[in-house]
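Chain IDs A, B and C follow the sequence of writing; residue 1 opens each chain.
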Amino acid sequence: MYPTNFRYTREHEWVLIEGPLATVGITDHAQEELGDIVFVELPKVGGKVEAGKPCGTVESVKAVSDLYSPVSGEVAEVNAGLADSPEWINQEPHGKGWMFKAKLASTASPDQLLTAEQYEAYVRQETS
Amino acid sequence: MRYLPKSPEERRDMLRAIGCDSIEQLFSSIPLEARLGRPLRLEPGKSEPEVLAYFRERAAENARDYTCFLGAGAYDHFCPAVVDALISRSEFYTAYTPYQPEISQGTLQAVFEYQTLICQLTGMDVANASLYDGSSALPEAVMMAVRATGRRRAAVARSVHPEYREVLATYLRHQEIKITELPFAESGQLVPEALAAAASDDLAAVVIQSPNFFGVIEEVAAAAEVAHAAGALLIVMVAEPLALGIVRPPLEADIVAGEAQSLGVPLSFGGPYVGFLAAREKYVRSMPGRLVGQTTDAAGERGFCLTLATREQHIRREKATSNICTNQALCALMVTIFLSTYGKQGLRELALQNLAKSHYAAARFRERGARLRFSGPFFNEMVVRGVGGGAGAAEKLQAHKIVGGLELGRFYPELAGDVLVCVTETASRGKIDELVRIYTGP
Amino acid sequence: MSEQDIKKARRHVSQNEGLIFERSSPGKAGAELPPLDVPAVAAAELLGAQNLRTAIDGFPEVSEVEVVRHFTRLSTWNYGVDTGAYLLGSCTMKYNPKINEVVARLEGIANAHPYLPASLAQGCLRILKALSDCLLEIVGMDALTLQPAAGAHGEMTGLLLVRAYLEAQGNPRRKVLIPDSAHGTNPASAYMAGYQTQSIGSNERGTVDLAQLDRAMKDDVAALMLTNPNTLGIFEDQIAQIAELVHSRGGLLYMDGANLNALLGVSRPGDFGVDVLHLNLHKTFSTPHGGGGPGAGPVAVKQFLEPFLPVPVVVERADGSLAFEFDRPQSIGRVRAFCGNFGVLVRALAYILANGAEGLRQLTEDAVLNSRYLRKGLEGAYELPYASPTLHECVFCDKRQARYGVRTGDIAKRLIDYGFHPYTVSFPLIVPGALMIEPTESESKQELDLLIDALQCIAREAIEEPETVLQAPHRTRVGRMDEVQAARKPILRWKPPGEAAS
């Protein structure tokens, strides 16, 4: 279910770190909880994001949820397709529904993040 | 009591059913010291004829059968009888907010039509389901511009309705949004140099009103150019939207907001009225208030529902685009029916009649030596110089069953003695002549 | 003739009404004007060619009869209080007396211009004064503004008053405390007055957690915003301690008057420590909701807040006549142009006059009796999360039905099939899956019995045939709307065929 090469946050974001670049999205559990996603507000390309700080919002019909950045850095790219097709987040939260890519501020691996195994345990605990 | 559908016997049955000995016991959760130990000191209830008589007496204490030359944000126009007949359908006026779309399609579709009509009238892309009134539409529009630009200053023309500006000041006082006031010129229009001087990189919005409080039509394109060059939005307020039947809409604006009372809503001593707010499509998610959208049901049938609700207070709470919870649905319905009934040609003709009557009045004033304060083009209101001031004119007018224009000294000390005269299609030529004669003396 | 032999007609024309724009064709008009009695003018010359509009693109062209058919058909797709019970909790959807509509339309009242000289508007001013006097007696406060246009507008006004008063004392403070059962407008309104908000939890009885309030009530707190009875329908029975606590730390007690229908003639906020209160005339005092407005949200205050009320206020002159007073240096300013939603105020006064002291007390008794009767009738079928005694409304939850996949929203939709307007769904937020029901005094015992029967049937259906509930409503002109589609690709206006849909 949860790719083992990703890292996860307790706010239900995932991050894939490849060299200096981190790709960020929300988890399958998060999209399930939100329901049909109708709109996302993403950070601006060139803007700064900070680990643990809100950097956008994800909206369903009757709920808004803040998007927290798992990493610190500069936004290199956003998933422009989500503007027209927010349903991608529901369909493929860990793939086509990615949200933004950030150039990492430091190469040190962020230590607050969870592994797939830890995240799954966290979700189980949260929902039980 | 005639509004209560229960007999004493039924009340006893119900009390028994819930295991209560007395009515008093229903309130046992209210501590004794918080209870009122006496009857309210109000008069005994009145029968329907008595209620009617009370209000007839009050109505008789007001001006009746007067010709009124007051405008200033509240306008009297011929309203087709169908408007009141249709809004009196109790399925419309006794319904709640359309939270259950399956049994609210009437309200929802009517609001969708209202949103469309407001877009067509203003030349904007999207309009909300309405706001309280024109005065509160101003701060809502300014706060919207603040959200859209991330800046916190608004430059507001002094020729915007003074009470709208007072409301703006009240709303913004605790929000750290600054207001710069822009003066008006001899033409009655905004002083372009003052606008240029106010343009800076912290400016969120330039606010003008057209026709402005003095009835003068502003140069919207020029204001837009300065606003946009500074990275600010242009907000155009409209308090007399009938003007848009004949005056080019403010297409260069980013937000057009104002008061739609003039389009079918009774004067009713100042309310309820109906604020409107329309904008360019890209700002839709910064808009305050409700929005109705078109969609389909499972069978593919077209229908309507409230949409983009995540902007609103019940979901986003303190981060909402506004604290507004209602719209003015019934007043918006009046506007929808009024505009549908007059239609494309009718609204134009109505606007043309206003233009003709007000310019007839202006010509009469000039003939009798009075001068207009401002030289700019006007729709159905004008400022006549120096004819007010004394109580004499007002008394004479009243003796002729005329209510004259609005004395401007109250809002603009430098215009003391000037009178804002509104002439709509409802004023007869004879009454206009009388008004001019009394104001300009023997 | 067997059922198959009957030729089914197409859906009735009155159920197929399109948009007004789709009825339009060039040259039709629904209104005509008398001939102009002054010379015609050349608009281009007077306005300047650059200011001239030639046509309003897309505007409808329809006859009077088409307008009437169109909006009459639309109206039949609505459900109003005149149709049947309207169970929305905290909305107080009571009967709207017809005489109120008549008096609001009287010549001299409906056509009064807001800038009429006072000498020609004494009737309007007396209506304002009479309504103020009545409301002050009903709520036990000292002064009042009728200017706010709605409940949320009243909240903002009330908090601006709190702020102005505290500023005059030297420190406006920073925070407003709001119980977790409060209306969503409360935090949004507090923000407008420049306050941060802090949520206060409820205890197991569904009332304010006094210990938590004690901890939160620091010297940076400007006010506690309380709804009483609260949104669970429960009277805050520790109100005396709450008021004492807030006042002793220099804060003000604000009351959201949304639920005042439970208290008329029984208990007065001014007597239990409230400093500022907004009322919803469209709830408690029977003015029609109009499909979502207009309303009116007067704000009543204790004497020490009076100097800060919005301008203008109505004052009595030496000769006994009434006038607006504008010169009030400590006022928070205007919150609305002119003097408020006068037409709504007229209707509210008509309602109070019709009821009188006894009638108001009686209607509150009936409202509470109805709510308790309903509660009793439904206790077996639905889970009641708080056992405390309730007044005008009660809140159930969908816990038992949720096991079968049926949620509060589904039960609400099924209730439509039984001919009732649903209750408030999923509010207050402290009750997951809430069914918030307020029958008001306007329902007869027969109607309540039918309602109880309907909700019990649905509770059984949830177990025996959940699909029936999940797919409801089945008997309406349209089914459940695709709200996801509406939000993903918003279509917020009609466009002529051929123009790209926005």
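Going forward, a residue touches a chain if its C-beta (ideal position, glycine included) is under 8 Å from a C-beta of that chain, and two chains touch if they have at least 3 such contacts.
All values derive from a computational prediction rather than experimental measurement.
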Relative to chain C, largest Cα-centroid distance belongs to chain A
Nearest to the mean of all protein Cα atoms is the Cα centre of chain C
Per the C-alpha centroid definition, the whole-Å distance linking chain B and chain C comes out as 19
Between the Cα centroids of chain A and chain B the separation in whole angstrom comes to 44
Note: chain C sits from chain A at a C-alpha centroid distance in Å of 39
Touching two or more other chains in chain A are residues 39, 59, 61
Listed in rising order, chain C residues that touch 2 or more other chains are 483, 487
Touching two or more other chains in chain B are residues 315-316
Note: in the complex, chain A contacts chain B through residues 39, 59-64
Within their complex, chain B touches chain A through residues 285, 309-310, 315-316
Per the touch rule, the chain A residues reaching chain C in their complex are 36, 38-39, 59, 61, 86-87
So, in the complex, the side of chain C touching chain A is made of residues 483-484, 487-488
